[in-house]
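In structure tokens below, several structures.
Shared between the two complexes below is chain A, which pairs with chain B and chain C, respectively.
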Partner chain A sequence: MRISPYLALVAAGALSIPLLTHDNYVIQLLNIAILNAIVVLGLNYTTGWTGQINFGQAAFYGLGAYSTALATKFGLPWIAASFSAILVVALASLVLGLPTLRLRTHYLAMTTIGFAEIVRLIIVHWEPVTGGTSGLRDIPGIDLLGWHPQGQIQHYYIMIAVLALAVVVAARIRHSTVGRAMIATKDSEIAAEQSGVDTLRMKLLAFMIGAIYAGIAGCLYASSIRFISPDSFSGTQAVFLMTMLIVGGMGSIPGCVAGALALTILPEALRFLGQWYLVLYGLGVIGIIALLPGGLASVISVRKLRWGHPQ
Partner chain B sequence: MGQLIVNGLALGSIYALVALGLLMIFNTVQIVNFAQGQLLMLGAFIGISSAVTQELPIAIAWIVTMAAMALIGIVFMVLVYLPLRGRSPFLVILTTISMGIVLENLALIIWGPLPVSLPSPVHGAPLRFAGVVISMHQAFTFATLIVVLTLQFLLLTRTRFGILMQATAQDLRTARLVGIPVQRTIAVAFASGAVLSGIAGLLVAPTYLAEPTMGGSLGLKAFVVSVIGGFGSLPGAVIGGLSLGLIETFGARYISSNFRDAYAFIIMIGVLIAWPRGLFGEKTSEKV
Partner chain C sequence: MLVSALAKRTSIQVIALGGALALWNTALEAAPASCPSPIPLGLTTALTGNLALLGTQARNGVEFAVDEINKNGGVAGKQLALTTEDTGASSTDALNAMNRIIDGKPLVIIGSMISPHVFAQTESVTKSETPFLVGATNAKVTAQNSRWLFRTHVHDGQLAELIPTYLVKSLGKTKPGIIAVADDYGLGASKGIQEALAKLNVTPVAVTSYAPSDKDMSAQLLEIKDKGADSLILFGRPADIALVMKQMGDLGIKLTTIGNSSIVAQTTLNNLSTAEADGAYAIGGMIPQPSTDPKIVDWSKQILARYKVPADNFTVAYYDTVYLLKDVIEKVGCDKAAIRDSLAATKGWKGLFIEYTADNAGDLAHTLGIYRNKGKTPEFVGPIKDTAD
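Here is the complex of A and B:
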């Protein structure tokens, strides 16, 4: 990946934000926005590149968070707990994806919605373990080889580091054989198969990498906020994640990040609208799908073209 | 046992009605409407506004609701279907979901979050035989399902309009080319799909109360029903609906009532893995 001046500018900006504000509320909001960005980057593998609908991403996010919370509460060291959480999520995505990824459009949409709903019902009703609707409190914090990050700002830098890693991995995969095979699967499964791409395997791979992204974000969520409840990982959340991807621009890495940041911060800024916010949200998403199918990213790439950079 | 069967079938009739509404739209434009449950919710609340708030006689309230739902169906088509013709199915799915969010929150603003009840159009002592009690409302629900099913069957197979719908579904461009009023056919499909959901809403509200968030899970159930029965199949929607009602009622009684909402999804995923086209087969093949 070439380091472009824009990228360096964005990175410098991101790193200096805590110098500009010490408002814990703002930093906490940013932390959630960054976690959403990681989850949406994961969703982008399945939906943006491989072209498969996935409304199960919020459930994988939740699965990662609950596994981490339960493992650390049980007494496992943080590193071991987070690895086991990621393993749980990867296994769950394999078990769900293997038999169902050959389904298409609304069938796949419903399967993933159904999976998410089953996960949610288990979390809500398995009270002795998951705490039911009231959730889990006092989850042990992050422990990186004896270093316990304190306060929002230290957590912010951890999140930024993980997001950067997530972006770099995504960018590397995008331009590898695997990334191209994923996009070929999206464009035309028949043509991809003809060119020797095992499309089912690509779909499964994209699905699992995406779930692992969500699992990592869930793990960070549980150990940084230290309180989780089923509401944060509901079906509604899955729809919000999908709209972040659409608004940002399907398939575009900067788009995913921009979409997640914008749609996490916007509701806080528009809180005065109350219930009207969600009405406008829905209409806004319909408007973007109808008028700007490439999302925010397409606006940026149009400008890039004008400046003479090839796509 | 007999009582559970009656209760299960009553619940299943509602699922079948919503699934029939879903089918109306799917069979014409191949769009799966994820906001069907929210249309049901609107039907229930328009019924409540006319019958309870405006104190209209319940029969008039039903007519007002059905007329309003027909209109809403057409508005829905203009807002959701027209801007997206020819786009990928995924974007259409997301648009209907977004429309569901809009409708649900508009309902919260208009009617508030509290559950409200609607009187049933029928009164009188419940029917009893062999120890089984069938309330008048349950009997009326079965009767409505049978009437709707008969009308829809005749409409789709015996009338000119049904043939126009099939032609539109098979190939929109050719249908237009041979002079079929495609736009009008699609408008009728959306309107009748919304009316069917509205009727289901009017039938749900007396037993289960109405609240703005009721649509989400009912819409998904209708979807599960369609998947089990095979998308676009009339008998599939009815048999799928009734069996889901029975499964949920018996599952809640004999396995666990906490997980009654999970049975639908577990069965759906099982059916999809084993018979990807549904038990009764999908009528029209899917366009890629």
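Here is the complex of A and C:
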């Protein structure tokens, strides 16, 4: 397998960031951006590749976070808690996906909005277990076979490793028969079915893989921030994740990462503008969508072409 | 003889030098730690998103006090430099904002009244060993075992105790219905109110809630009415409280209504008719509107003129917070641990309306106000104290 020089450069850059700055604020911001990138990569399976509008991704993110938090607080070892969280999210996506993925376009979008609201209401009202709107505090941290990462930098390297794994898995799936079947489903369900693709199965698979990505990110979120509350997994967050996907470039793996990094870091970078920062942020998002319909990924593609590496 | 004289002189010099050193040492021990110029203060509060209406009240109170102090010569001759960061509406953003503030190495950090944001931030602030003063209303905020965290606003636990007590013992109502906003503020209070009612041997006829974004609460109100309530305990934010009270008027439901200070907030009253607002009670942090004290009236006018939003209980609490800090810094200097210890030892410090006394948990506010709307004008019925004071 040939490693692209661009990829090597990006990897080297990512690994060297903590050597350049020990600023906790910067590293924590990057950690959150990486978690968002993992969730958006998951959303890309459903929306970017299979063409299903999904506003339930933030709910799966929250489900992963709450499952991990509860399991670790009840004394389960971190690795077992992580797997149980992934299992919970996978089962939830299966239960939701089986009956609803027969729906198309805005009907599916509405179903996922409804699912997210159900999850939010359960978290808010099941107060003895979930802590309600006050959230859960003092969540046990990551425990990798006795190693407990301390500080933002060690967490950063764990998250970078998980993101790299998520990217590799996504790239492998994209170029496999399954990935091509997902793209075919997005392009035309009827044509795909005529070609022998089980579109319902593909949609369900994409939905479940996407949810698992969100669950893994939720698990890391709960164990690194060590506090969770429903407002971090709200409907607003679901729209925010969808915006990251659109700005990054639907269907593009580098686009997902770029979109998540850009939209997580940009509002913080614009804070010097005081209360105007969100106005400029909004204008920036509109500008990208208007001028780059293919998202940030289209810039990456153009640069590759200019450097003599057509896709 | 000369040797003896020299020896005597040297002894005197040594004693004098020793005495001077001892005095210098004592002076050093007693002197407050020196302060940087300007003295950096940090503030994180919600300035955007659906919590901005609340968050800006904290900003207004702190900013107004800082400017006033700076105009009058600062703290021990040093100006205060306030850095404010927006938390938005999510805990993740609140944590980002706090990390940014901590990076600036402020002497003291002031946090918002949004409890989940404070919960998310407390660990980072505690690690930075910086005094952290908040107005967050969830009773559990000061139960996080942080020696650096203090609260200068009354909390839901106090309200949950005092509202039922006043309703049952003073107003003589024994069949209340409860309606609360389904967020951190309302649900926590609703639970506490039910527990306090149980202690008074009163069972609410109906317990209902609504989502913060809901616009129609008529189903909940009709349920309360149909179950024969003689009163209504209402807990929410000004925008939704106004909706509930308006819909009570539309549905012809006339019940003795009591709740948190949103009932008498100017933003609520602006959206109600005289008949809709009249007679409702509120218990909560002190609000400036009913005051006839010329100093308070002038202060309220200045706040309104500057921010175009009337001051509320949070503006008062945050304004007091900065002045409390001023006094503490003038007393102990700019050593963070000394400021923390001094805050923990606060006793009877007089703010705009109330006296602040620190309890073991770090809560400084123990006096609440009882208010009643006369038409659209809130009247001060009297103060009420929690049992901890």
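Couple of notes before you dig in:
Basically, the second predicted complex is superposed on the first by the 286 of 311 C-alpha atoms of A that agree within 3 Å, B and C clash if a C-alpha of one lies under 4 Å from a C-alpha of the other, contacts with A are read in each partner's own complex, and residues count from 1 in each chain.
Following the convention adopted for this analysis, a contact is a pair of C-beta atoms (placed from the backbone, for glycine too) under 8 Å apart; a residue touches a chain by one contact, two chains touch by 3 or more.
Everything numeric here is computed off the predicted structure, so don't read it as measured data.
Of the two partner chains, chain B and chain C are each touched by A:278. By the touch criterion defined above, A:197 reaches neither chain B nor chain C.
Set against each other, chain B and chain C touch different numbers of residues in chain A, with B touching more. By the touch criterion defined above, A:268 reaches chain C but does not reach chain B. In the superposition on chain A, A:28 contacts chain C only, with no contact to chain B.
Of the two partner chains placed by the overlay, neither chain B nor chain C lies in contact with A:178. When the two structures are aligned on the shared chain, A:125 is found in touch with chain B and with chain C. Touch criterion not met for A:88: it reaches neither chain B nor chain C. Contacts of A:225 after superposition: chain C is touched, whereas chain B is not reached.
Contacts of A:206 after superposition: neither chain B nor chain C is touched.
Touched by chain B in one complex and by chain C in the other are residues 125, 275, 278 of chain A.
Residues 47-48, 85-86, 89-92, 95-96, 99-100, 102-103, 115-116, 119-120, 123, 138, 140, 144, 182-185, 187-188, 191 of chain C are the ones that touch chain A when the two sit in their complex. Those residues of chain A that touch chain B in the complex are listed here as 47, 51, 53, 99-100, 102-107, 109-111, 113-115, 117-118, 121, 125, 235, 239, 242-243, 246, 275-276, 278-279, 281-283, 285-286, 289-290, 293. Within the complex formed with chain C, the residues of chain A that make contact are 23-25, 28-29, 32, 124-125, 127, 132-135, 137, 225-229, 231-232, 234, 236-237, 268, 271, 275, 277-278. Across the interface of their complex, chain A is touched by residues 32, 34, 79-80, 83-84, 87, 89-91, 93-95, 97-102, 104-106, 108-109, 216, 220, 223-224, 227, 231, 258-259, 261-262, 264-266, 268-269, 272-273, 276, 286, 288 of chain B.
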